[in-house]
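Okay, so subunit A shows up in both of these, paired with subunit B first and subunit C after.
For the complex of A and B:
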């Protein structure tokens, strides 16, 4: 695996993203910015009730409003609306203001039905059913060994109930698209998506035209985090409106519907019994867990997590309630599983009087290739956070009501790539170079990574490569999810650039009567037998009228899968107010060969800050009485601002062995263990477990009240 | 309370609002003649006050140094006017209620949330959006420090940063945090953003 890259000039250095200046100067057009000639604006009508049947819809008043051009119903009379925010209708109008007037003028008669908006409501005896098969659906128990017998042999057993709430993605650019029918069988869609190919397929399917007739364009997009893989009901509605009116239509959700309907991360609650021997070696785990994905299934999460538990039984139930359906969110399932596992580990270490760090080292799976990686990472992280300053729970130092605590957590992720994706490399006679693939850059730096790889091969600078992605008509590229984009796209990019280079050598060789075998590219020059022969541009001119265009795919040996990673947190907690301030986070992360150290670090910083949000602030609050989502906004649904950001130390575990593993994605792993580490640090500071995330003043004070 | 003057920037500040409420509360205990006198004074003020606007209204906005004539409704926000009618799409619509800062523009030198400002109230005032900034200073500092990922909050941060540096060319890290606390990023780019602001300040000082 170690053959590539040899003596890299660009790879693993810090390279600013190629599309950064366009974004930072406000000049790049997002899908919500494009304004094709004659475009109409659309707005959505969505359910104001948690559960209701539509008895009657009358759009006649809306249709009479001057400027309203078309109305499309997503739900018909008789349809059941299953959560606040569920789709009803879309209105297209000359201006956005008029579109909203149109929405307000649609008269809907609802039969309000009984709802269940919280898990306890949904799980109560005789609760109204959201799912005909029942609100609580038990999966098959996962059993390993003989946990009931084993737990009896443990020297210490803890029993805890830990929970993580539903949170939402809060993509800053809401879900939506701008769509135009170019003929009665061809569509152009500027979509805010993680999956240009998927959007084309869905729109094509919805209108019975080939997906190749739908060009989905996503030059840039304003955040997805796992929630933007689909054209969605509203995307299809926008295309319906565009078809009806013969005009392009822009439809992006408003902030409230974005929160309610465009995806969320399921909750996770676990009643966990965890037992260990005196020395801290785990013996058994018995866990009952549940979570809700709203009206949808999908609240699964891994447990046990990371550590070797010789005997375990885990029973999991999906709870259905009148809330928007869950979607994948950055490292699906892992932050939840990590919080629950790491809390139980810490509580058990506490009970045994073992240093939680030692306890973790003791329970890494034997023989797993990741175990030595974790061991090295834990050492680095402990040093960086100053773990030796940590006092046992309840003995934390501080001043006045402030207590200082330390905590840690481990995580894992796959991050391997797909093997069926392609990249084209085009070298033009004018010396310009273009890469093409139907993948997209969701903010991770995918576009830049491709340019770096080609620039390395062609001896050019990164900004000389036009990395042209976000277009579904290009060769098949990877959807951006699960940290798979870079490992999926790096091999075909390398192969395409290499094959294009070799073709350049052949054709220049023919033109100037030189042996291509002696040719190389470096510093923007063509070298023959190591001597500068001509500039890259001059070499390209020898191509005459015919560009080089090579499309290449995957090859073995350039990527791999499976990472570790650990994080440490130092917090200050005010015992009187319950306010938690995170002072420092240390994130140690491996991810194989790092292609761009600058954008890689940004991914880790971003993951940590996401984790800090999950740890301290984020929670979807549902009102049991009305069934409504109480904070579908950005002031009561809280996210960190500049003053909430602690010192963050990112340590790349990037040894020669790691580099030799090849490319692995890094989007998910660094967001997994932050909330777990912060939760443990809070418990360490205040002397009791705060069993519910987020670590809000209320949850912290409630935990303190339990013991006083 | 100042009126919503379509010829000038309106915007009752929080302080004005509180002061206004105080007057209203005091009114409740005034004697009837005093109330009449106050009403008369208000009526007089209203008589020469702004015209009531309704429906399509043509206004002229000074956007990035250019006079732009545009048809709006009185309820049209400055943000929607810029984005939907003038194709000035640097400022972004995210929360649409003044809590995230993605829509920040500079009005007469002050950063404001364009999503909660009426377009009709901005006539006669200088509106700057980040498209008019020297890309070599603040945007370049964001680019170099990788202070952006998806980039959708970035225009707001860049604008707030520019407004901060225009007033305080030599900010401390704490000044920068405070200056940018009206903005929210979901990708988690703050570390780069804080550094970019400090770098941009340095670049500006060098230039001066």
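For the complex of A and C:
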């Protein structure tokens, strides 16, 4: 069975993305760039109300517009619309402008219903119901030990209410696809998805055709972050329009509907009582938490997160309101749980007069394999940020109204792989090598990772491998979620390349009458008993007319799961304006064997920047009066610009012990603790807890005003 | 062996129920539940939304309810 090489030539070095130049130069075609011949453009009509019933729909005026080719209703008369952005109809036309004219010409008579747009509205006595079972769904309480008695024994107890808002995925390429019926039972779909196989299954199911009759293609995609697993209602609508018109149809959401309807990360609010002994050892936690995933559930999150609390009780409720439904978003639940718990930990450390770093070290679970890893990572991070410069809360240094603060947070994630995926490795008689699998690159560098593995095994350069993914008709590949793509796909890639190499040796050996056992590949050459015999291309010519094609799957010992990391932040806060500037983030991360240090670092940079957005800028703002989403754009829904990005120091915890664990995913973990670390740094700087994220000037000044 | 009324009836979800874990954790039970919390987000293939054809919420328990008018066994 194949093993990771002990002295790799390429693995764990810094290899640029094989598709980087194409993306950077604009040559690469994203699904939204694909324009098959005769294509029509589609646009969506969506609800302008937070809650309404459709009394009447009249499409006749839209149908009469020259260039409008077809209209498909997603909601019928009598249907309930549960949030602004809920689907009503799709219009296909010769141009995008005509499609939008068609949307505007559809006449809908609404019965506007009472709404609940905020959690306080939804939880109020007698509030209008979002679903028949009520607006608050209580989860089963988690109880460990006797928290009520234990907390009475604590030397210090804090009670805080902390919250993070709903944020949206803000995929730069909005959700959608271009779809073409190739016959009355076969479809080609160019979909912006992290799940090519799933899109084929869902489209096939909707039209009662086998999923193998639907080829979903995703050469690259412009971001998904957990929100692009389904064909979606608009994908089915596009296929309906394509069927009606007999032409390919392109339907991608506009930015507003992308914000409103294409998913979000739920909010989280926690009222937390946390108690500890004098030395900082936690004694008990009692927490009531809630959050909203809009019209859907899914607002659960872990608490007390990575820390060991001997006695705890946690009660959680999902709150339903008239907002777009949540979808999985990069490390679902973890950033929320991390922010709330790390804030409480810092507040308790301050009350005890204990260094928050030391308090964290004291409360890691005893006997857990991750604890010594965290200890090492914390030491590395503290050194890199200059933790010794940190002053206790309220004593921060600075100049004029500026105060400098330091904060930290810990995180964890699974990141193991599925064990049922396949990769084909094809070695052609002309010396070209191709890998095939029905996975896709969500942006993590999956295509590059597979090429590195094959190049390592075959003694070639990475650009000599055609890493062909993003096609649902290839052998089953992993959906890109849960940081599972690399650990799911790396073992079959290694096994396929290794088996293809061995088959090459066997067939070349037969052709030249040499023992395959003495053969090896290095530097683009075939070696026999360590001596150069011929080039790789010459060896492949010995195959005659028949290529080698091997499809392989998973094998044990190549992957693992369970990672940890910590992040530290240095911030400057202006006490007069409330403006926060992050000066530096240190991100220390383990994830087993790192296959490509460059794409790995890219994941950490991206995760940190996503976490910085969560910390400082992002928030879905709902108007309680109208029930509408007030900032569904990229002007008032704030994201960091280049000048907001601080120095980011990435430290890979990549020891021999970590490498021996095998491959583990890293897509999600580095985004988890950034906002927690920044929140703690802000509180350290200004001397008071800002209990509500994001750390906007308003929230910072409000926190200062509470104290003054 | 016959089933007595005290034994729990195995819950079989409607065949139109979907969640992310079904696509990601394909080698197991398709579960993405965690110790202490559950943040699974579901959708229905009939509506492609978090509400089913019967206008009720799509979720793990509700979509195992054979009494729902839209329930279809696997």
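In this text, the second predicted complex is superposed on the first by the 705 of 708 C-alpha atoms of A that agree within 3 Å, B and C clash if a C-alpha of one lies under 4 Å from a C-alpha of the other, contacts with A are read in each partner's own complex, and residues count from 1 in each chain.
Assume a contact is a pair of C-beta atoms (placed from the backbone, for glycine too) under 8 Å apart; a residue touches a chain by one contact, two chains touch by 3 or more.
This structure is a prediction, so every number in the text was calculated from the model and none was measured.
Superimposing the complexes on subunit A yields a three-chain arrangement in which subunit B and subunit C fit side by side. Of the two partner chains placed around the shared chain by superposition, neither subunit B nor subunit C is touched by A:215.
Applying the stated contact rule after C-alpha superposition, one finds that A:325 touches subunit C and leaves subunit B untouched. In the superposed model, A:121 makes contact with neither subunit B nor subunit C. Once the two complexes are overlaid on the shared chain, A:418 sits against subunit C while remaining clear of subunit B. Between the C-alpha centres of subunit B and subunit C, as viewed from that of subunit A, the superposed structures give an angle of 130°, to the nearest 10.
By the document's definition of touching, of the two partners only subunit C reaches A:316; subunit B does not.
In the overlay built on the shared chain, the residue A:293 is in contact with subunit C alone; subunit B does not reach it. Contact with subunit C, but none with subunit B, is seen for A:226 once the two complexes are overlaid on the shared chain.
When both complexes are overlaid on chain A, the residue A:641 reaches subunit B alone and has no touch with subunit C.
For the overlaid pair of complexes, the smallest distance between C-alpha atoms of subunit B and those of subunit C rounds to 20 Å. Taken together, the two complexes place no residue of subunit A in contact with both subunit B and subunit C. Residues of subunit C that touch subunit A in their complex: 18, 20-21, 23-28, 32, 34, 36-43, 45, 47-51, 55-59. Residues 73, 75-76, 80, 83-84, 87, 89-97, 99-100, 102, 129-131, 133, 135, 138-140, 142-144, 146-155, 158, 176-178, 180-194 of subunit B are the ones that touch subunit A when the two sit in their complex.
Contact residues on subunit A toward subunit B in their complex (touch as defined above): 16-17, 19-21, 23-30, 32-33, 35, 41, 95-97, 170-173, 220-223, 225, 254-255, 442-445, 598-599, 601-603, 605-610, 633-635, 639-643, 645, 648.
Of all residues in subunit A, only 80, 82, 131-133, 139, 142, 195, 197-198, 202, 205-206, 226, 229-233, 235-236, 266, 293, 295-303, 314, 316, 325-328, 332-333, 418-420, 478-479, 481-482, 484 touch subunit C in the complex they form.
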